[in-house]
Every structure is written in C-alpha cells, then in structure tokens.
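Below are structures written as structure tokens.
In the two complexes that follow, chain A is the common piece, with chain B as its partner first and chain C second.
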Partner chain A sequence: MAVMERKFIEERMESINIKGKKKKHLKCESESLAGCVSQRACVYCGARVVLNPITDAVHLVHGPIGCASYTWDIRGSLSSGSELYRNSFSTDLKENDVIFGGEKKLSRAIDELVLKYHPQLIFVYSTCIVGVIGDDIEAVCKAAARKHNIEIYPVQSSGFIGNKAAGYKAACEAVLKLIKPGVHLPEKKNKCINYLGDFNLAGEAWIITHYFKQIGIDVNVTFTGDASFTKLKKAIEASLNIVQCAGSMFYLAQEIEKKYNIPYLNVSFLGLEDTAQSLRKVAAYFNDPDLMERTENLIKNEIEKYGPQIAGYREKLTGKKAAVYVGGGFKAISLIKQFRELGIDVVMVGTQTGRKEEYAEIEDLVDDGTVVLDDANPAELEEFMLLKGAHLLVGGVKERPLAYKLGVAFIDHNHDRKHPLSGFVGALNFAKEVYSTVCSPVWQYVHGEGLLHEK
Partner chain B sequence: MLDSTSKQIVKRSGGVINPAKTCQPIGAMYAALGIHKCLPHSHGSQGCCSYHRMHLTRHFRDPIMASTSSFTEGASVFGGVANLKTAIKNVFTIYDPDIMAIHTTCLSETIGDDIPSIIKSAEIPEGKLVIHANTPSYVGSHVTGFSNMVKGMITYLAEVDVEEKKQQVNVIPGFVNPGDMREIKRIVKIMGIDSIVLPDTSGVLDAPMTGEYTMYPRGGTKIEEIKDSGNSLVTLALGSFASSDAAKELKRKCNVPEVSLKTPIGVKATDELIMSLIKKFNKEVPYELEEERGQLVDIMTDTHFHFHGKTVAIFGDPDIVIALTEYILSLGMIPVHVLTGTPGGAFEKEIKAMLLEAGIRANVKAAGDLMELHQLIKNKPVDLLIGNTYGKYIARAEDLPFVRIGFPILDRSVHSYLPVVGYKGAMRIIEMISNALLERADRDAADEDFELVM
Partner chain C sequence: MKNKVVNLRNVSQNPCSMCMPLGGIIPFKGLEQSMVILHGSQGCSTYMRRFMAEHFNEPIDVGSSALNEKGTVYGGEENLKKGLDNILKVYNPKLIGILTTCLAETIGEDIDRISLEYLQEREMEDFPLVTVPTPAYSDSHTEGYFLAVKRIITRLAQKSEKNEKVNIIIPNISPADIREIKRILEGMEIAYTLLPDFSETMDAPFTNNFGKLPNGGTKLGDIRNMPGAKATIELGITVEDHLSPGKYLENSFGVPLYRLPLPIGLENTDKFILTLKTISGKEVPEMFRKERGRLQDCMIDSHKYNAQGIAVVFGEPELVYAVTKTCLENGIKPKVLATGSKNFKSGQLFGEESSNLKVLTETDFVHIRQVCKEMDVNLAIGNSEGKYLTEKEGIPLVRIGFPIHDRVGGQRILSVGYQGTIMFLDRITNTLLEYKLSNYRSSMYQKYFQGIDVK
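The block that comes next holds the complex of A and B.
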C-alpha cells in the first residue's frame, strides 16, 4: 500500500513517542501549530460540552450564527425532564452589532427567551468576537438576572483563549457560581454522592445511578448529565464527589472540596474491571460492612450476567489491534484497560488534551512499540495506524471517515455513540460494538480482490 | 422537544431560535474542496475549523481536510499576520497541496487582518498558489461564503490567453452535493459540449473506497481549468445566491458573458439549462436527454393525482428552495410556507412572483428561523415538509411526512451521491415525495381503507 510521502516538522516530533525506544517526556498541553489540520476543538466547544446536558437551561450563544448552528443538539445527552436544552439559541450577530456592539441585542434576546420559555437558568456563551468587540456580557447578564429575577451566568468561552480544556474550566466556573449556597451551608447527607463527569450519553448516568441505588447510595446530582436547575442547587448536600471524566471535572471537584469540604474520589465505569473497582472504592469510603456486602453481591451478579458473553467476544477478538484517539487522557487510559479485557492490543494512543500525568500513566500501561502522541493530525493518525496494522480506531466524528477510508473499523467513543458504554452492561455493549465493526463482512470488499485491486 | 412551541407568533429582534442557516466559512471551505489538490485554510481559532470539518463530515461521511491558523490570545490582540505566515509555510511543508484557499472567520475579520498583503509577503514555494476569500460570519450565511470563495477563485486564477473564446462552457453549480455536480457534468457531456464545472466536489467528497487514504482524491476542478475559464464562451450561473457573483466576476475580468439560471431542479429549470446550452452552442438535444425528459414527464403524469392539491412547507438554502418551489408547483402541489435562513430580498421577490403566477398565496420569508417556520405551520398546517435534517423536529412535533433535501443532512446517508438536479434528480424527488406521502397514507389508513394498489 502506498503510504503518502510526507514530512513531519521537527516541532511535532516532540509530541510523538514510541514506547521503548527512549524515555522522553511527551510535549503536551501546548498550543497547536499554525497550519496544522488539528483535530482539536476550542474553548466554546469545551464549555458547551460540559454545560449542555443541563436540561432546563436556556443555552444562549452570543456571537454570529455559526457557533450555535454547529452545536445544535449534537450531543447525545439524554433528559428525563425538560427538552429545552435541545433547541439552538443565538444572538446571530450581524455587521452592525459588530460595529456598534452586541449588548443591546443580547438583552433583547434574553428578554424574549424569558418571555417565551420562563427558564430559571440561562447560560450566555461568549464566542470569538465578543471580547474583541468589547461587549460586557457580565454586566448584561447581571442586569437581566435582576430584571427577570432568575439566574443568568456568562460563560467566558471565546474560542482563542485556549483549547477545549480551558472551556471545561470556564464551564466549571459557571457551575461553581450556580451551586453556591445562600448564607447557610446545608446539612450533608450521609451516603449521598455527586457523580461528576458523566453527560448521560445514551443514558449512561442512569445506569451508574441505578447501581448506586441498589447498593444503598443516593446519587444526589450528576454533573452534568440530566441535571437541572433544582437538582444542581442541592449539589453541596452530598458527602462525597466521585469524578469520572477527569479532563472536564477535575477542577470542579477540587474547588468543591476546597470550598465546601466535600472530598472526591476518581472513578471509571468503563470496562468490567474498572466498574467493579470503582464501586468497591466508593463503598469502602463509607466504611459500612452491609454496604460493602451489597456491593460485592451486585458486582458478582453483574459479572455473572455479562462476563460470559464478553468472554465470547473476547475469543473472537483476541489478537486484534486497536488505535485510540480521544479527547482526554483519562478516557484513553480506561480504553487501554478495556481493550485488554477483550484481548485486544492497543498499538497507538493519542489524545487532544491529555495532561502530563496522564501521559505518564499511559506510557506505563502500554507495551513496547506502542505509539503515543499528543494533538495528532490526520496524516499522523493514518501513518501510525497503517504502520502498526491497527484493525480498529476509537475516536470522534472527524476520525470516523478517515478510518473507514483506510479500511479500518471504527467506534465512536464520543458524542455520537449509540449505545451506553458505561458500567457492566456498557462493557458488553462495547464488546458487541467492537465485534460488529471489526468483524463486519464489509471489510472483505475493501481488502479483497475487487475490480479496483486488479492492477 | 419542540412541542413547547407556541402557536402565537411574537415578533423577535434578539436573534435566532433554531437557525435555518450557518456561518460563511463553512461554505467557503466546501467550495475550496472542489478544487483539485486544494487544502482549505481557516484563518481564525481552531474551533471554527474543527466545527466546519465536523459538520461537513457528518453530511458527506467522508474525511474533510482543512488547516487552521490556530489563533491564540496574542493573535487576537496583535493580529494574525504571524500565524498566517507560519501556517502558509507549514501547510506546504507538511500537506503539500497545489493550492491553499484561505477563508477568514468572524474573529480575523473583526481584528481586520489584511489577507492579500499577508499572502504577498508570505513564503510560497515555487509553483504553488494561495488564494483567499473574505467570509465574515456576521454577514449572509454559509451560501454567501460559498459564493465568496468561488468568486475568489476567479479573481485570483481566471485568465484570458486566447483571442477568440473557446467553444466551452463554464458551469457554476452552486452549493449542491457532489452527486448533483456529477449529474450536471453528465448532462453537458451528453450534449457534446466541453465544460469547466467550478467548483466540483465530485470525486472528492464522494470518492470511492479503495482501502487507501489520499489526502487529495482524484476529483475537483483542476487549476488549469479554472485559469482557462476566462477563455470560455459563456458562464452558466446555477442559482443566483451561490453562483452569480463568480459569473459576474468572470464577465468583468475576462469578458465571459453570463447567463443566470435556477438550480436545475425539476423539469422547467432543467429545460432552461439545456435550452441555454443549445442556444449558445448550436446543438441539437441529444436523444438520451429527450428520453430522460420523456420518462420524467411520464412519471409526473402517472403520479400527479398523488400530489395534486397537497400543501407543502419548504425551507433551506435560497437557490435550492427557489427551484424546488417551482418544481413543486409543476406537480400541482401548493407551497404554503417557504422559508430560508439566508438573508436576501431577492429570494422573497422571486418566490412571490412564481406564486403570483400560480395564483397562490403563501408565507414567504428570507432570514427566517425554524422556530418561526414551526409557528407558521402550527397556524396553517401542511401535508408535507421539505428541508434539511433540522426539519425532523417539526416533522415529529406536527406528525408530518418529511422529505430531506438540502444541507445539512446529518441523519441519513447516500443523499450526497445521488442527484436532485436534472431529469434524473427530478425523478428521484418524485420518488422521495411519493414514498413519504404514501407511506403515511398506509400508516394512517383504517383497515377497510388500506389499499394494495395506489
């Protein structure tokens, strides 16, 4: 197969590592190179990902139309209540607004939306030009909140002030303001937790919440899957936070601990092993023998239920090779372990915004020869997938057709996922999805002796 | 989810609820992908580029390549000159396109980066080209961006180097799918006329699976062809919103006369396309096209009773909606609400004239949004909705049969491979509409009314 000839610039080589060759620290948490076909998103994107699942909020995008159009209902977060968050609201700034400022239009937009939907909560996202044209959205939000007697939070998410991770932080700042209690700190409830970093994609948060309910732990509020204004207002009644998607929620957990003295534990509900361990960890925290026994029972039952089926898939998948390119380092780590449960070797791992510590852990986990890379561009993904003979790529929207073109199977572990991939049942779904893509008959026609291959 | 939409329409001035358009740069990116071996470049924050690529990827289900200037805070204060210069250098070093097509974003426009002078002072390798278009997101829509980029291609590249114009036609197909561009090329070819279709995303965004990935697939208008477009006998601009500016530029720069036509959707608009070519090139209508037209008319007569008097709401991009409305009328259907998100008085004027001729009164609206369309439908219900993917919310809330035509379509596949233009495309539209309407009739029929033959 003719691999396109291409030159990688020196600077990028610092962001790529092949394990075992020589120990070096991967360059990460840095800015993308100008002129790269980067797979990275922006601050607004990060902020929107985190806040969007708050179902009864008006998510108002202040800027020209694009940003709002591209994020209209593309995140598969499910709601058990309001569907307001699935609409797309934009101030749709025009030339005149850019020249004379968009503050007035923003206030009008808020007035109109309040009249129409009577929300208790509005997020106003600033996009690229808002800062440049000098709109003071903070002041507009404050005035409007007073006028309508509701809560309105500006989210500082101009695209150029950093990458997706900066957006996570901007979102967390807004959440922190939202959950701030009045004068009195509420009583903490025992065996009551908040679950951070699950956006309820395909209903995943519901699965995890149900596990906790069965063992006698109450999930107070999930950040932010299926969250609502009233639920969030009670956030600090919990006695423990558990954090799954560390990339977006680590900061929030730290701040809540600092401010309200609620400790946190890192967990992961991807794969049988991680799910079991995480449940145990949380149960152990409350140090109650009955609770721990219930937990063990649950784990036993679930593993008995799903383990054999997963083992069946493992048989068919052993020896296959996977490449992983996801947003954060946390997910990459979980995926490496989960693939191991399926007998699959991970030969390439990359993330958009992985942190130093996470890359160190990845390096420890993977075998010699595995390629580790930060902020990869499509050419690099292609090069290393082919070089390493990957059968499967795990990634997001933009990576899917790239993989297919190479005749490589694909799984969306992002917002386009169709089945819940969390918890024990999620592990089975994952195995099923891996199997159905890797072992699909369509690949025969790609690699087989078709007309096009008779050269 | 849109169930909460109220019937009562209140005038709004604070922006948009559920948009029927998106921003300029994505149109420019799409147009640029229609040049062979071209890498579109987004001069702004990386988020824009990422969103545009993601959106196009979802519509075409093919890899979308484009680079970004990756603005940082510094760039937003001091301008993006350094970023763009570095980008130009890196793009040619790493991705080695023949041509790089830069478009701006709302950010770089607001900062006021002067792209032409940056290009002039940049290091561009021998034999490589850089072109640009200004695409401020706060003006027009994605269709405007498409138009601006096509115009940019002409401004930068079209040349006159022969005395007498060549016997060839320029066709500017507008913001349509690769399947449509393919069909337009086929029609012109059958007529025995040499053509330059510009831009041409066929073979780029509907490229076949080969098991190999190439950053620059075989398709796309060649740079030499774009240069040569200045020598053509005539330019056909299909769809005034997306194509007229470029055609006018060809006229101005290279003195190529311009004929402005509708997007060739439906029998009448396709006839007009073919008649214009016949007139200009002194050709006969080849039997193959006669036959296709005859088949289409046959189908129209066979099925007209399914359509007659059915009321329709149509929304989407102006050129497509204008042509579709004309076609819908020719089927005996009644457009009741016709809306585009793209601003433009010309849209309202053109549709209203068509409706007047047909003796029909309807709500016609440019620069509208889907909240408004939904409310209009609530006030005056219709039998069928035609539009892009976003119509599905309204279709669900109002339980309407729904036909997907336009951009973007994110929830169905294959649409980008097959045409809606030409006689073949018109047949396909009839098939889609009758499937939607008859499927519904079957679903809703009481047992005693349920029929085998329809």
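The block that comes next holds the complex of A and C.
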C-alpha cells in the first residue's frame, strides 16, 4: 500500500498515540521540530487572535510588514460598535530601523495613530526582530501613554519565544494590566458574569449572551468578542467567570480568581448537550430555583426547536467517520462529543497546542484504535486520514485543500467562519454543514476511475 | 516627479504588500519535485502557507527551521540542518529552496555557508540547495519572487550547447495565465523553458493518487540548459536589473534578452506574439489572428461602457503596468496606480499619460482609499486586499492578481493573451454595467423627477 511506504520522522512518534495500544504519555506542549511542516503559527499569532476582537483598540504591530499583512481582518469576530480592530497597523520596519533601532519610529507611529483615530487603547505587538534588536517597547509605550493620556500596552509576542500558546499568555498579561482597578475594588454585581474565550465569530457571543439574558444573568463582558475599552474596564464587577476556550483563557481566569477573588467555571457551548449542561452549571452556581426553572424552560424550548432537525441529519450521518485537527484541546474535546450527537465516530484527533490534561480527557473519550496526535504535519494527517478511512476532516484554512485533494469532506472550524457554531442554533448549523459536505453529490463524481478511463 | 506621492508616514495602515519570503516561495512551487524551507520562527511559514492556500486552493507545504529562543541566541544552524534532514526524509525532493526571514537575517545567519557545510556533511554535494536571502524589512514579496527566480537560475544554469529553445520568465500570475502563455507558445510551435511553471503544481487536477509533491513544474534539466537558449523573454519591464533573471542570463551567458510587459491588452499581447515571431522566424497562426480580431470586436462592443470607468489599479508593479495599459487602450481612465513595492518607475512607462496618473508606491490601503475618494474613482482593479474599497467606499472591485482570498478560483482567473484580455475586459465592463443598472433608475429619479410636482 502506497500509504505505508511513506517515511515518518522518528522523533515525532512520541507525539502520536493509538488508543488501546500500549499506554504511554503523549508528548505535547513542546517545541515544533524543524522541517516538519508543523501547522502551528507563532507567539504573535496567538496574542493577536486573543486581543484582536477588542473592537475600539488600535492593534499596532511593531515589525516588518509581513506580520501585519497576514493578520489583517482575517477573523470573523463581529462588533456592535467600533470597527477600528478591522485595521492592521504596522510600523513597517525597514533595514535602517533594524540597524539603528525602531523605538523612535514606534513612538512617531503612535503619535500619528492617536492624532488620526483618537483611541483610548492601543496594543503594541512585538515581532521576532524587535525581540532581537532590543527595542524597549515597554518604555516607549509608557512614555506615549503618558504623553497622550491613554492606555497603551506592549504585548511581548516575538515569534521565536515559544509557540502560539505563549502568545495566548502574552495577550492575557496585557489584558490583566488593562482590567486592573484603581485603589478601590468595585462592588461585585450579583448574577453578573464574564464570558471568557468567545471571540464572537459570526455573532456567537451574542447568541450565548441572549441565553443568559433570558434566564436572568447579565453577561458583563466577553473576553474578547465584541469587547471594548469601557466594557473591559468594568470586568472585575462580575461575580463569576465562565471559561470556554480554555487554551487561551485558562490562565486569565486563574489570575483573576487569584487577584480579584472571582471564581470560574469551565463551560462549552458547542453541541446541544454541552450547551444545555453549561447553562445548567452556571444557573446552579447562583443557586436560585426561579433561575434554574427558567434555564430548564429555555433548554426545553431550544431543544424542541432544533432537536428534531438535528436528529434528521443524524439519521443520514450515522456511521460516518471524522478526523479532527484543530488549534486547542478544548475544541477537540467538544467536537468529539458533538460528533457523537450526530452518530459520527472520531477516528483521528489532534491539536496544535493541546495541554496534557486535555489529551488525557481526549484519550478517555475516544474509542480504541483512534489516533491521537499533537502538532501534526500534513504527511501525518494524510496518512492517518486514509488509514482510518475518515469521511471528513475538521480543521483550518491550511488543512482544507489537503482534505479536498484526498477526496475527503471538510468542516471549517476556525476563526474565519462566517456562520455561528455555538449554542443550540450553532449545533444545528454544525449538523447542516457536516451534512452538506459529507453527503454532497460531488463525491460521486470524483471517486473511482470515471468515464474517460473506461475502455 | 511631481505626481509621485512621497511617503513620509511612520505607520502602515492596512498593507498593500506582503513580505519578501512569501514572494520567494512561489517560484519554488513552480519547479518539478521541489520543496522550500524558511529559516526563521515557525509562524512565518504557517502564515504564508495559509495565505497561499486560500489563493491557490492547493495544499502548500513549506518547512520551517522553527527557530526558538536558543537558536536565536546561539545560532540556528542545527535547526536548519535538522529541518533539511526531515524534509529530505518525508518529501524526497529533487531540490530544496532555503529562504531567510527577518529573524535569521537579523541574527546574521549565513545560509550559504550552512548549506555548503550541510551538503558536505551529508555527502550529497550535487544536491541543489538554492539559498535566497529574503529579509522582510528590505523589500516586498515582488522582489522576493524575482530574486528567488534569479537564484534558482544562478544555482542551476550551466554553460550549455546552443539549442532552439526560448526562455520565458514570468512574474507572479495565475496558473490559468501560465497555461494560456504556454498555449500561445505551443500554437506558435516554439520550444521553450518557462520558469517558474506553477500552472500544474498550484492548480492540480483532482486525481485518485494524491502525491506529497504535486506533478508538473519546470524541469531542473531544462533550467540547467537555459544558457544555451536562443533568447530570453522576460515578462517583467518593471523588474530592476539586479533582480532580473533575464539580465543574469544575458550578462553571464550572452543570451539575448527581450523584456516585455505582461501580455494583457492588445498592444502588450501583440508585442509578445511579434517577439516570438522575430525570435523564431515562424508565422503567426490563423488561430491567433482570429482571437485578436475577437478582442478588437470586444473592445468596440464595450468601449462606451468602458468610457465611464475611472479606475484605481493596485497590486504588484508588473500587473499594475499591464492592466493600466489595457485600461488606457479601452478608454477606461486610470487615475490611481498603487503598489506596495518601492520599485515602480511609472513615469517613464506611460509617456504623456503619466501626468494624469497619481502613482503611489510603498503605499497602504488607508492611503489608497483616501486618494480614490479625492479622485472620484468608480472602479477598482486588483487583488482581494482591496475589499474595503467596496465595503467602505462602495467602489466595485474587479479581482485580479495575488492574493484572491475572498472569492473562489484565484488560481483560475485568466487575463493574458487575446483570449484572456477578452475575459478580463468583460469582467470590467460587466462590473461597470452592474453598477450602472443597479443605480441609474434611482439616480435619474432623484436628479430629474424630484421637484416636478412642486408648484
């Protein structure tokens, strides 16, 4: 079989596990191997993903042009107000700046942007070479903030200092500084929560906020979907944090609990089951029978509304096999459960930056024989999709052409999406999308030799 | 030059170019069985792969030396060598391109020395490793592209026997455009070496045997023999001499060089075909005369609609030149020409017309938008990065060039030759018509009817 002849890189074997074979710990949270064609991005990418949805901030990239080019308005985060975040600003460093330092250019860039856009908030992202040439962006930001009387936060996101997960942390550090209160801690509001780890892709945070509103809980601010300077400044008035995208927001939730005594709950709004459970969990936290009753009513209504349609898709999809390769462990776990709701088995699952605990949970969830892998490359994805006979792949933009070339269906589960996959309605959208790709008529015309080859 | 807008800004706002290594990747994708590795941090290769995957809708595998903190401080040699090992193992390519990033250049990595050493250590001195220094802070992707082509030739070309072939050097155009150029060459019965030929590799037909490295691409043996060719045609009149592959072949091997514009538009295509005729002594087949006649027919049919177009043309210099020329031939008024590259000698190129054109080099989209507003532009011609011209200013965009990421089929857009020009012109005319037809009833009503019934 041609598939088996391909060569693997031995060091990668520690990061690939087949459930049920010998027990071993999957190697993860480590650096990518050179030449492996990892699907991972960099520290800057991680930071930018997390902060970019803050709508009224200027996002200024301190570095050569590329980093800003590749991240300009490529995400589907929606705004109810400012559109400033949809711009990509760069100091566009040139050779001379690299030689003589870019601090002055950065400070002039800030002056120019303040004059033109009057922002209250600026994030300055450092890129690889800024880390090397030694620009003191902390000092520049501090001086500029004082000069313009606004808030300017440096984000330490030089690409080489780690992987995407390090960027999440750098972003959280910046957010922590931003939400730090003055001398007095504000009064906590009851039944008022912050929602961490939703970037309001195609309005997903709005959907969840509406659910909470209906049951009588206020969403104070979402980190960071449709967030703004003013909203973030009130973050610590909430009495509870709920955390969805654990990969990027776990650290922030922990720090807020430590510093401001706001506890947190892990939630997931992907799939009917998880959405219902998460709403119940939050309602139970506030221990109010009326609230819990309203929650049950909401769940009942929504499931009545969407359940039958999803069941219809389930009928057509049962027995299909899925491969999952996504950014973080949280999403992988949610997807395994969500596919189960559709009668689909996950035969391969991997992430770019999953954590040890998340992989343990994945191993618990999947059936024997499922391939689990960390920081995979295209050669491995291809090998295992074919080996396991996957009918569809879930992934991002880079993985899509690979799936299609292999004649495999594909689900875009990345920040680029234009329709919501969260909440009850999102579960239906997901089922619809899976059906539209797995059961598309096109596959009948591409598999097999076809007419031209007939004698 | 008084119409050239001098760029004094300190901040780029929505870049009109990408970085140098991205441009450098593309030619390597047009060589048979070739791979590329970027010497830098992991994110660069991932971002560029993502960007290219969206445009070409093909899997884009690019390795990275995945420089980390240690590699950045103590040198990334080991990473690069290991990366090469892994790429050889998994992909088994016939050639590998090594491109630097700003990180590698800033820390002073000597890729020539490293690659020589590598080949000696592995006892594979004959293996073609092609090094290309591409720091993002020095030039844009356009220069990266031509430098890579030149370095490929420099590495492979050898003094060879005179042969009947013509070298064709192409800029960054769509795979469909490359196929059309090849059709013209074949129609003229001209033997050729076209470099880089990514017409098959970056727009591969679906097959049931997907290979890690796509089929097609310029054959390495053909590149070796380029010095024996009858002539070189370089479709690159805006390319600076020091980056020009054709100049290199002329200076080092005495291959006569013809530098022509991209064959978009009647005159530019005439030039291409007549040059082929001159070089080969062959007659122009009837087929092309008919195609030319159809283009003339198309120009006449559409000229009054086209006369209403006031255009901004943006993108890579070579395309901007050819498209602008085509606009001028057809009575479309090009008012603003914009490129993110700094090398655009527009003044000399358009003769008398130059004084009516506003030329923006090293520009960004915030600037382009502002100038378009001032000049009452009603038609934008360029890549997807101009989407805000439509979204924010209501100027319709005819998509051409790289990248096309918000529409399908970037790889299939055909615009060269008489046939391609017809299709391109139709796209322009129909865009103007659509705009007119959707507006004229209400605008006439507002202009002439309102107020009639007032006494």
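In this text, the second predicted complex is superposed on the first by the 444 of 455 C-alpha atoms of A that agree within 3 Å, B and C clash if a C-alpha of one lies under 4 Å from a C-alpha of the other, contacts with A are read in each partner's own complex, and residues count from 1 in each chain.
Simple rule for what comes next: a residue touches a chain if its C-beta (ideal position, glycine included) is under 8 Å from a C-beta of that chain, and two chains touch if they have at least 3 such contacts.
Because the structure is a prediction, the values reported are computed rather than measured.
K.L.:
Given the superposition on chain A, are chain B and chain C in a clash or a fit?
P.N.:
Because the two structures are overlaid on the shared chain, the partners are seen to clash.
K.L.:
Touch check for A:98: first (chain B), second (chain C), both, or neither?
P.N.:
The answer is both, since A:98 touches chain B and chain C.
K.L.:
When the two structures are overlaid on chain A, which partner does A:401 contact: first (chain B), second (chain C), both, or neither?
P.N.:
both
K.L.:
Have a look at where A:358 lands relative to chain B and chain C in the superposition and call it first, second, both or neither.
P.N.:
A:358: touches no partner chain.
K.L.:
Quick check on the superposed pair: does A:109 touch chain B, chain C, both, or neither? Answer first, second, both or neither.
P.N.:
Both partners, chain B and chain C.
K.L.:
For chain A, which residues belong to both interfaces, chain B and chain C?
P.N.:
2, 6-9, 31-45, 63-72, 87-95, 97-98, 105, 108-109, 111-113, 127-129, 131-133, 159-163, 377-379, 382, 397-398, 400-402, 404-407, 446-447
K.L.:
Applying the document's contact rule, which stretches of chain A touch chain C when the two form their complex?
P.N.:
For this pair, the touching residues of chain A are 2, 6-9, 31-45, 60, 63-72, 87-95, 97-98, 105, 108-109, 111-113, 127-129, 131-133, 159-164, 377-379, 382, 396-398, 400-402, 404-407, 446-449.
K.L.:
Could you pull out which chain C residues touch chain A in their complex?
P.N.:
Going through chain C, the ones touching chain A are 9-15, 17-22, 37, 40-51, 53-54, 56-69, 71-72, 79-80, 82-87, 89-91, 101-103, 106-107, 135-138, 140, 204, 206, 208-210, 212, 340, 366, 385.
K.L.:
Using the touch rule from the top, collect the residues of chain B that touch chain A in their complex.
P.N.:
1-4, 6, 10, 12-19, 21-26, 39, 41, 44-55, 57-58, 60-73, 75-76, 82-84, 86-91, 93-96, 105-107, 110-111, 136-139, 141, 208-215, 371, 390
K.L.:
Please output the residues of chain A touching chain B within their complex, sorted ascending.
P.N.:
So the residues of chain A in touch with chain B come to 1-2, 4, 6-9, 31-45, 63-72, 83-84, 86-95, 97-98, 105-113, 115-117, 127-129, 131-133, 158-163, 377-379, 382, 397-398, 400-402, 404-407, 446-447, 452-453.
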